[in-house]
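Next up: some structures, all given as structure tokens.
Two complexes follow with subunit A in common, the first pairing it with subunit B and the second with subunit C.
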Partner chain A sequence: MADLGRAALLLTLGLCLYACIVGTVAAVTRKRRLAMSARNALIASFGSTLVATTILVAGFVRNDYSLVYVAETSSRSLGGIYKVSALWGGQEGSLLLWLLILTGYAALAVWLNRNRTRDLVVWVTPVLGGIAVFFSFLLVAVASPFVTQVAPLDGSGLNPSLQNPYMMSHPPFLYLGYVGLAVPFAFAMGALLSGRTDERWIVATRRWTLIAWTALGIGQLLGSHWAYLEVGWGGFYAWDPVENAALMPFLAATAFLHSVMIQEKRGMLKVWNMVLVSLAFCLSIFGTFLTRSGVVNSIHSFAQSSIGAWFLAFIVIAVVFSTVTIVWRLPLLRSTTKLESLISREAVFLYNNLLLVALCLTILWGVAWPILSEAVRGDSVVVGRPYFDFFLRIFGLPLLLLMGVGPLIAWRRASLRGLGATFFWPISIAIGTGVVLLILGAGSSIPGLIAYTFSAFVLAAIGLEFVRGTRARRALSSESWPVAFGSLVGRNRRRYGGYIVHVAIVLFAIGVAGASAYDSVVEGRLAKGEALTVSGYTVRYVGLSERQTDHATEVRAKLAVSKDGKNLGGLEAGKNSYKIAGLEPQVSSEVGVRTDYLTGEDLFVIPETIYDDGSMYFRIFVKPLVNLLWLSGLVFLLGSIIALWPDARVQRRLAVRYEEASSPVRGR
Partner chain B sequence: MFLLYTSIAGGGTPSVKPSELAAQEGPVSLVGQVVGRPTGDANAEGLRFRLHDVKDPSSPTVLVVYKGSVPDLFASGRDLVVEGELRNGTFVATPGTMVTKCPSKYTAIKPSDQ
Partner chain C sequence: MTLAIALSAVLGAVCVVLVALPFLREPEPVSDELEEMTPHRQRRLALAEERDRALSALKELEADHRAGRINDEDYRASIGSLRREAASALRALDSDAGKV
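Take a look at the complex of A and B:
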């Protein structure tokens, strides 16, 4: 079976090489049949990668420990579904998942666009093929998941912390996001290489970018929630390099999503968009490099890791390739219009872009500086939370404010007098909120107060937009309020979907500010029957139970929770002990969380220590507003889906535009 | 940019390694690797363990006393971050500030590490 797996990967490498080389020849010589052949090879590479992946998954399911990778990341006692997720529990499998998603995306992208933007797609094939060559080469020559050994009796098992439902969702979503950014990048390069630099590449990839971006956002939130539930991972976000690895491409992609609108509407920022899409792609590779090479631990473990140098080389190639291509095509990327005023919607988009990119680059610097310093001076420095928190405030708070300004300000040129009228209500509401909060005592944290005031401003501005739009529709068609609202959103999905995403970001900001500033905690050792009280909650330790599952011993404390004398039912918290033959048992704490869905507050019980006499040491938190973070994830998803939902009218309009753009007489 | 930051935000907690600790005054965020066997109870008199620089076994170690939540991944050989202050040669940690990192990143170094 391992031979078959190796053969499948070798075939993938061959197909991708073919797609890359023959695709380039076909595009240069404009040979249509050759280009089709290259395209088909790229599509076929998905099939062979799928075969390889299936063989590896089968190895996990059959406990085939003659495969080194399976033996290292799985064990006989590992629960059924986690045997599948162990696929991405280590380096080689993660790379295979990358390649699988990449070839899948690539196959779909070139297939869906086979009859449109043909002159552009002939160049997309070799670019995507080239990226896939890198990953399949790694899997064939450097980090093969199909290395065999004399099978040991049992595998060494998946780290217990990874035996968590989030292991099923968080990594795949992140990969869907990371890898998805390759598609807009390939189309951008395709546009440059073919010289077709009109905005068709943007239109063709808008949905791809949105899907990748949404997956990246959701993947990060899932990871946040996971870290929130694990003891000692530093809460929902700790500015860990591995976390930053996902945040950076997300920020670059966010900037890109905004700036392409300017190019579509006003024909500006063409070079900038190319730079952004390249940046987002290179950061996604850099992110994979960070998480997979061990470079964040130390430059020394990087030297030991087999894939680090290859990744570094690939990043250099990607950066040089995109830079050279963009510079070569600069004459084609001239703006058709100029910025008319610094007070206009396009100017606000520009500020938003600068802030997002600045935030992204300062994070990049914070991640790269320790690595560079160690490599150059041999002296490692640590860039910690204060650095990142500082820049998050410096760039994040203005970004929040702009989210409220952007939707209300006019394109091209806004008059100051008009602005006064437009912003009267949002500003009043924001100031009102600020004053009320100050009276309530929120002034203890100045950045928090600013964040809340800005949030009120943004929510008011977005609310105003919805009210205005609905009113206008009612005036037009005399529909009822709900119907008018529905058709308003339905007819402008991209715009109002975007506003809903903005609401999600605001909820997130409120949640972050609230959760970190205002929580309360109590701790103590309890014998059975004793209780702890915090913020009106009383938590009584009722008793201890023990369950034996196939792969772990689960000890649980039964807790009775009440608030202000009212019984709120039971809660469990405890520890799982995973036994693996020949190793010390690995323990994982399972916190007890009770969510108040009305106030968004969490009662969070950490079972610190179980003593021999049956008493337990508990640490109990009350975290207000923290559930806004997770709610924001749902709102974010809703907004993205609305923005993504296919719209027949827009499709027809696009079809006409494709016609015009493909006809010999081009013009805008 | 980094210079700009260090000049503006000098008030933040600096992050240091055990080998740099002696030269620092006031509260810092200490990043290191656990060596030897930890003793004591983090819920009572305090958990006691030694840290040296990450991936540098020859570097000087420092004794840390810590009270509060102990991450599941806390063990000899693990990297962690903890806030606190050096007092009379012992690093007295701020309760509840110990953080270990996502275990997936340990996979790349496992063979040489254990």
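Take a look at the complex of A and C:
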């Protein structure tokens, strides 16, 4: 079936080339049937990519080691579910999954918008086709997953660190996010190329952007949880270049999601929005370049290969293409209005945008500088945690504050007297919280104290928004409080969904501050019966056990945990040694975590070294509030779903707008 | 091998038919020109967007005032200009209705 897989990918390449070239010809010559034919080619490319993917998955399920890729990333002993996730366990399969999602998104986007934004879609087709040409070319000519060999008896097996439930979700979510940013980019370019820079491209891509952004956010959080539990260094984000690769487009897309609201509400920032959507897309390709090229040392280095040069060329093309197109259409992107006051919601959005982009570019510089330094000067420079932490505080803390300021300020302008009344309660609650925390000893970390004070301000501001909104709704309709609350959120899904996402970001900030600014650590070598004490916890080393499984030897230290004299039960931490045919065993640390669900605190035990005499070296952390990080993911998802949920009233309003634009009689 | 070639041919044929479908359905169309968005429609769309922006701003200001997010002074400072903008957008859309 490898031949069929190769043929299907070749067909995808041909269809995408057709969509790109014939689509461009159709758009320029205004040929209707040709444009529909190009659109159909893009839709068909999803079908042929799906066939290729199905064949590769079947190869994994059937243990077909005549396929080199299957033999390198799977083995007979690999558990069933991991045989499917092994699809994206290496280079070629990841690219194939990427292409599958891209062609799937592209097919759906051009089909759903075939009527309302026909004049845009005619240009969107060649742009999306062009992006798909790049990925299908890589899979046909540079990194084919269908290279065959004489089948060995067994495969090499999946990297042990990837044999984890998070492997099923973390990479696909990131791909859904990365690739999803191609759709708003294509519509933005379509709007520029067609000269139709009205709001339809924004309306058409609003959900696409939100879906991609949500997937990127959830994907990163899943990756953080994976790292926290599996990598075993005691943290959840290491500012690893490949982690940053996902964070940068997320920040750019966050800025875009906010600034695009200013264009919708005020008709401003049209150029800025084009720049942001292009930046987000280019950064998503740059992220793939970092992950796949091997130019950086990273925990994700298992994925290194020689396709980096192709990605670099594609990034250059994407940057030049989008820059030239934006510059060409600058006259069409003039704002119809201007900023009326520096104290207004749009001004706050603007400050938020500047901070987000500054943070994004600072991270980009931190990632790119070592690469540039090595390429130009030949010396390797390390940009480490202090650099990133510094800028996270400098830009992140004001961003946190602005999340509370924005909802309290009116669009266009606000008087200082009016603001005094609006801000009274949130500021009072924030100051009160800060003072109480200071008394409780939170002053040991100034950034942590500021983060908690700002978090209290934002939560108070958002809470006040919900209370005021529900009260006003009740005054209008005499509904009960729960019904009024439900209809408030239901009738303003974007606004209140957005506030819930803000709550998630605050929970995230509280979790980060708790786990990094207020954590405690103790370490030492323990013989059986000895104990370490940290933040009231006593962890006693009871003994060692060893068991054999099909894949690994598992050694576990049995630990007895107590707090302030109260027995909390047992905990296990240890090491797994994975057997890999023909290779040295790979050893992984299996941390022990005890969660206090009431306080959100974790006791986190890292088994550093097992000595021959049975003693062990442990590092033990107490991480206050760290579980709010994972809770924030659920709240984030809830807020995003509310913001994404279709609103029939908005759809009707848009239908009326487009109806009126095409009809000479006003029908409102 | 033979099966793979046969299946590849079937897959290729399906894709070719899909791509050629617009030409197969309409071998001799009345018009093969893409529908152009006339300058008049573009202008009306811009005016409709302007009107919706003004009406939505007006609605939001009313809701914010009702909820107590905006005090009377700020409300009075904004409501007049917003009403004028909305009225002007509605008038522009109306007066454009007859033009082509």
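Keep this in mind: the second predicted complex is superposed on the first by the 570 of 668 C-alpha atoms of A that agree within 3 Å, B and C clash if a C-alpha of one lies under 4 Å from a C-alpha of the other, contacts with A are read in each partner's own complex, and residues count from 1 in each chain.
Criterion: contacts are C-beta pairs under 8 Å (C-beta built on N, C-alpha and C of every residue); 3 or more make two chains touch, one makes a residue touch a chain.
For clarity, every value in this text was computed on a predicted model and none was experimentally measured.
Peer 1: Based on the superposed arrangement, let me know which partner A:563 touches: subunit B (first), subunit C (second), both, or neither?
Peer 2: Touch status of A:563: no partner.
Peer 1: In the superposed arrangement, which partner chain does A:36 touch: subunit B (first), subunit C (second), both, or neither?
Peer 2: Only subunit C; A:36 stays clear of subunit B.
Peer 1: Touching A:159, do we find subunit B (first), subunit C (second), both, or neither?
Peer 2: first
Peer 1: I'd like to know which partner A:412 touches here: subunit B for first, subunit C for second, both or neither.
Peer 2: A:412: touches subunit C, not subunit B.
Peer 1: In the complex, go through subunit C and note every residue touching subunit A.
Peer 2: Subunit C residues touching subunit A: 1, 4-5, 7-8, 11-12, 14-15, 18-23, 26, 29, 31-37, 41-42, 44-46, 48-50, 52-53, 56-57, 60-61, 63-64, 66-71, 73-74, 77-78, 93-94, 97-100.
Peer 1: Which of the residues in subunit A come into contact with subunit C in the complex?
Peer 2: 1-4, 7-8, 11, 15, 18, 26-27, 30-37, 40-41, 43-44, 47-48, 51, 118-119, 122, 196, 198-200, 264-267, 336, 408, 410-415, 417-418, 421-422, 465, 468-469, 471-472, 475-476, 653, 657-658, 660-662, 664-666
Peer 1: Which residues, counting only subunit A, touch subunit B once they are in their complex?
Peer 2: On the subunit A side, the touching residues are 72-73, 89-91, 159-162, 227, 230-234, 238, 240, 242-243, 291-294, 296-298, 300-301, 304-305, 361-362, 365, 369, 380-387, 389-391, 523, 525, 586-589, 606, 608-609, 617, 619.
Peer 1: Which stretch or stretches of subunit B touch subunit A in the complex?
Peer 2: 1-2, 5, 8-9, 12-17, 29, 31, 41-43, 53-55, 68-74, 79, 81, 96, 98-110, 112
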